[in-house]
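I am attaching a structure below and will ask some questions about it afterwards.
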Amino acid sequence: MAGEKPQLRIGLIGTGFMGRTHVFGFAAAQRVFDLPYELVLHTVADRTEELAAQAAQTLGFARASGDWTRLVEDPEIDVIDITAPNAFHKEMALGAIAAGKHVYCEKPLAPLAADARQMADAAEAAGVRTQVGFNYLCNPLLALAREMIRAGELGEIRSYRGIHAEDYMADADSPFTFRHDPAGGGALADLGSHALATAEFLLGPVEQVVGDTVTVIASRPDGGGRHRAVEVDDIGRAFLRFANGASGSIEASWVATGRKMQHDFEVYGTKGALFFSQERFNELHFYSTADPAGRRGFRRIEAGPDHDPYGLFCVAPGHQLGFNDLKAIEVARFVYAIAGKRDEPFGFRAGQRIQELVEAIQASARESKWLRTG
Amino acid sequence: MAGEKPQLRIGLIGTGFMGRTHVFGFAAAQRVFDLPYELVLHTVADRTEELAAQAAQTLGFARASGDWTRLVEDPEIDVIDITAPNAFHKEMALGAIAAGKHVYCEKPLAPLAADARQMADAAEAAGVRTQVGFNYLCNPLLALAREMIRAGELGEIRSYRGIHAEDYMADADSPFTFRHDPAGGGALADLGSHALATAEFLLGPVEQVVGDTVTVIASRPDGGGRHRAVEVDDIGRAFLRFANGASGSIEASWVATGRKMQHDFEVYGTKGALFFSQERFNELHFYSTADPAGRRGFRRIEAGPDHDPYGLFCVAPGHQLGFNDLKAIEVARFVYAIAGKRDEPFGFRAGQRIQELVEAIQASARESKWLRTG
Amino acid sequence: MAGEKPQLRIGLIGTGFMGRTHVFGFAAAQRVFDLPYELVLHTVADRTEELAAQAAQTLGFARASGDWTRLVEDPEIDVIDITAPNAFHKEMALGAIAAGKHVYCEKPLAPLAADARQMADAAEAAGVRTQVGFNYLCNPLLALAREMIRAGELGEIRSYRGIHAEDYMADADSPFTFRHDPAGGGALADLGSHALATAEFLLGPVEQVVGDTVTVIASRPDGGGRHRAVEVDDIGRAFLRFANGASGSIEASWVATGRKMQHDFEVYGTKGALFFSQERFNELHFYSTADPAGRRGFRRIEAGPDHDPYGLFCVAPGHQLGFNDLKAIEVARFVYAIAGKRDEPFGFRAGQRIQELVEAIQASARESKWLRTG
Amino acid sequence: MAGEKPQLRIGLIGTGFMGRTHVFGFAAAQRVFDLPYELVLHTVADRTEELAAQAAQTLGFARASGDWTRLVEDPEIDVIDITAPNAFHKEMALGAIAAGKHVYCEKPLAPLAADARQMADAAEAAGVRTQVGFNYLCNPLLALAREMIRAGELGEIRSYRGIHAEDYMADADSPFTFRHDPAGGGALADLGSHALATAEFLLGPVEQVVGDTVTVIASRPDGGGRHRAVEVDDIGRAFLRFANGASGSIEASWVATGRKMQHDFEVYGTKGALFFSQERFNELHFYSTADPAGRRGFRRIEAGPDHDPYGLFCVAPGHQLGFNDLKAIEVARFVYAIAGKRDEPFGFRAGQRIQELVEAIQASARESKWLRTG
């Protein structure tokens, strides 16, 4: 009885934590939204046939492959979803684009901005839709915040402070990983990219930056009994100048002991202010100078059906979305974009942009001066 | 390649908000857990063939029916899931049980405890597994709270305070619904049942109650241009005595302006205390007298992989589960119970128990005296 | 150059924690407010001449006495301030009233309501001004809450929940004190009295109550190596009916491990709601249904100069008053009342009222039925 | 009977908000602490004899003068307390020091660091004790934070974030004041100085800075019907390097709409973390990796008698100090320092240091490069 919608057949490359999260996202998006396509988990690829077969079983894909290029070449597949290690993103994405497929790629799009640009250029030339997984932006309350800012509810925006701090690298004995690779690694690239994406999502383009980067843990175990020197930043900071005239700052840290998800921001305007913490991401705090004297204060707005698309998940306010729900919204936006029903949500060009900002901050930190950001 | 697991074929009766939420739960449970069965959305029933067909399309069921008895009789269906209006729960459940099917029923199990008892008796006699949808109990942090209490981390428990307050009936112009039906309606039955379930989940059986019930809005629009008198409580309260020696209270209100999901509790023991709010249900606050002097305080524990089964949803702490994730956990527990892999989570007997507590509180309020609760 | 104001000469009986706090209050009130009198610390009394002399030195009194009756008889003294143990309040107050002096008495006014009534009657007959130390009521934000309620900013009030919980008696080894005396002792009298005073301050008279009292710690060390049975409540609860039609509850506990000052309330009306915690007593949270859809939420109002008399303490908002500042406000209100410049703030009649409510709740708990409260 | 202690006679210059706050501080310190001196409010000076006489009456000084040099010369006066406008601090302080008096000066010590240095040098040469009013440092919980850091409870400190944001200059129509004077004005000098003082109080010396300063409101009304261009910063930011190896940042803003007292910090170490907000300055939040897995979280420590000198104000925890109480602690520390009973708390040398940091940040912002800070 189902099946009247056209199918959108997905090939997933990579089956780790993020691959699994994407599959949750496909499943939930399918149920929650009235998508223009039926999403089909077509084929999953992993390093070996065995791993892929096992993942297909677990994740619910019809087919499996130990060779990702097979997915790219398969004419039955419409979308390539890349959750493989960063180092492979470029080759995989370019292959998929060359085959005319839409591409969904986990962040970061590529270790270097130049690579990201090449990928974005290719996608534009091929006319395919792309998406990079900046899921915090999919929070209905971030959409609300942006809407409030654009509608002038805060007046003219003057300043911004953004943070993304966690502690998963706080232990000096946690091993050297690809995230510590001098090409594209570091807290600024991994977490600061989120802080920058949120900053530009809310306030528009950043025009100039001054950066500050710090390596806190000089070396980490290499997994082979030795230590390997770390060159990337454990903490990155930047002062910002936005095109709209506001100034601000962001900070990224993966050594912030005790912090699990401190993706926070504060925005101050002439008529009001907002603050938000991803630690309680179903709440947005709003101060308005329009409230009467003696009654003013930051108002805790709880997410609800007034904040689209919350109502598709739950008809009642205050019940709260979870992290995986944000991923479902991300998937839905991409699917709508493929169907031409809305703009590309956070495509490869946006991913490139964030990489450029990260690199500008890193360069500024090295040179200790303000740099323009495109 | 999938399909090696035995199937568990589900027949859903009722396609409103809760029916939809259940389907989200089936889909998510399937993805997130390594369930012992493959869940199959077999048939959905609604009042008419047309509505059912439409729901099958939207919700992803293979078949549809305008007659729920067809599902009960269908030998291909293993589980009957009831999200129809309360008044039908009993007949549907008894039919399903008679047909040897496992039954998953939204709360309240039945308007009256006597009915609930009959349903629980039938299920036990038939040897089928049952579940009532008390989803707040599926929060990993509630499991943590119970574990801490049982392990003595709070010492001997002395007192408890539970609340479930919302504001969806606060408007005097909101219409008379089945929730206002003198048989089984009221805030105590609708919301207080959650507060009572959480109280017994954490501290064990309640032995005595004193009740207080208040009708705040004397009449509501009946949908036909008139007003209908309301006899049920808009606010219900009770003092409690637990078998473990603790005393406590609960309060239920659906006229608590501004509250969307205030399902809160506080537990005080000789060595520590807990407090929790469903408004921020990924946090549990813990005070321990074992902390050193000058360093004591309520500690905000954020849900994470240490709190099973959070880790199946997300490998990183602090990312937060949503309301629909709790429903997925509820589904998974039921499926494991059907497979005989864990105890019945919150079955019909438990549902009956909650109804009895509600009725005891109502009776006590009428008689203005302490009543024993079985 | 000072000294043009008439003097108000104070005789203090009792030099413990509360005596000291009162002296802080006199000193601060003098500085902060432009009082109609110059407050003079005239004489302090304690159990012996030596103790009194030492207290005079420490607290800044001009004279000292080991005999409190000397203060009462001293024609130079205008105000008798009683911070001696509860058992002596009545005799001291009646003596002072008989001598025509204004009386400031720490709470509780007397162990039994009948005594309190006698004291209030005497004061009224003598035409002296009285005050009982219910200092939480002196918070500018409680005045704001009352003003908002009275002005209809919350609409018609429907429900109330009040708590006063601390943990200073949570240790079973803490000794038997006068607070455990069967005549007038218990958590309800000690802390519940505050919860009741706040409830009536905000919503007006309570008309009916149902009580619940629990002795958690059956005996306590008597200081002489033995244990003495405790008959008073460690936890007290009540359901309330207010004259304005609202229903509510209060709870008092001195065994709430981890709680230091949980004097909290929530008020729900047809158009809005308030919640407050003494744990953060410079904040009042306000929800208004008049806010636009999608922008509603509890608003954290920080105390500031808009909330009289905060501005006398500090010209800038958000700087925060402390506990001792509330005592200064209490003193000032009493002094203004003595000067005939405002109503008696919380006089003996009000103190009597609270004792009556406490006793009604205790009686109701014994008899397990609703009782009218005058 | 009192009067056995030696007197410390105070001459106050300046009778505005801060003068009044100081007098509150003297009065409260006298009552709360067992100070080694009796504090005597000897003489107050204002611009005219009339104003001074009126202030003497209001504030409780024995004498008044329209000429501050009279106080400096008066041999009966021991301490000169300066709360006059910043521009006069230097002349007044140098005069007082020359006369051998101890000097208590409101912040900032002087508009320029060079002046502050001259003042500090003079005080050291004269052997008098000095104090600058950095009252937030007097919070018992800041002492606790420092003690925890020094004792290694957080392990090795890695990063710091400090903020001081208010909104009292957010209105573009608020007039040009001495705070906007190019010599010494700006948010960084006014509020950032607090953020810097707290940073060094907790972590020790800052060694290098990069600054960022922004003028948000280009001109303000000059009080004469015109607008005057503003050259100072409305927002100032800095990256920091501490001598202990940690990195960090501070931000100051007086245009942060909605913020009344956001003097906040976060400290991250290898074993734990702290966060604090002056908006709730009776709470300190502490995370310890030593807590067991699944039980970790930021712990809300409420100020109490364990945190000296809270217990002198109140014997019970959780009752909370107010802003004026912090001033009383500041006064007490100064008096103890004068008596030689403890180190100078925050003397002129410390005031100079903060000015130097402010100027280094300003210079760095102009030059856009890292600068060493002495």
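Each chain carries a letter (A, B, C and D) given by its place in the written order, and its residues are counted from 1.
Everything that follows uses one rule, which is that a residue touches a chain if its C-beta (ideal position, glycine included) is under 8 Å from a C-beta of that chain, and two chains touch if they have at least 3 such contacts.
If you want to know which protein each chain is, UniProt gives these names: A, B, C, D = Predicted dehydrogenase.
Just so you know, these numbers come straight off a predicted model, no measurement behind them.
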Chain whose average C-alpha position is farthest from chain A (Predicted dehydrogenase)'s own: C
Chain pair with more C-beta contacts, A-D versus B-D: A-D
Averaged-CA centre spacing for the pair chain D (Predicted dehydrogenase) and chain B (Predicted dehydrogenase), given as whole angstrom: 54
Inter-chain centre distance, chain C (Predicted dehydrogenase) versus chain D (Predicted dehydrogenase) - centres from mean C-alpha coordinates, in Å: 34
Cα-centroid distance, chain A (Predicted dehydrogenase) relative to chain D (Predicted dehydrogenase), in whole angstrom: 42
Touching two or more other chains - residues of chain B (Predicted dehydrogenase): 259, 296-298, 302, 304
Chain contact topology (line, ring, star, complete or other): complete
Residues of chain B (Predicted dehydrogenase) defined as touching chain D (Predicted dehydrogenase) within the complex: 144, 283, 285-286, 291, 293-302, 304, 306-307
Residue ranges of chain C (Predicted dehydrogenase) touching chain B (Predicted dehydrogenase) (in the complex, touch as defined): 154-155, 158-159, 161, 163, 170, 172, 210, 212, 214, 216, 235, 237, 239, 247, 249, 251, 253, 255-259, 266, 268-273, 287, 289, 296-298, 368-370
Complex contact set, residues of chain C (Predicted dehydrogenase) against chain D (Predicted dehydrogenase): 1-2, 4, 17, 21, 23-24, 27-28, 30-32, 34, 53, 56-64, 166, 168, 259-261, 279-281, 302, 304, 313-325
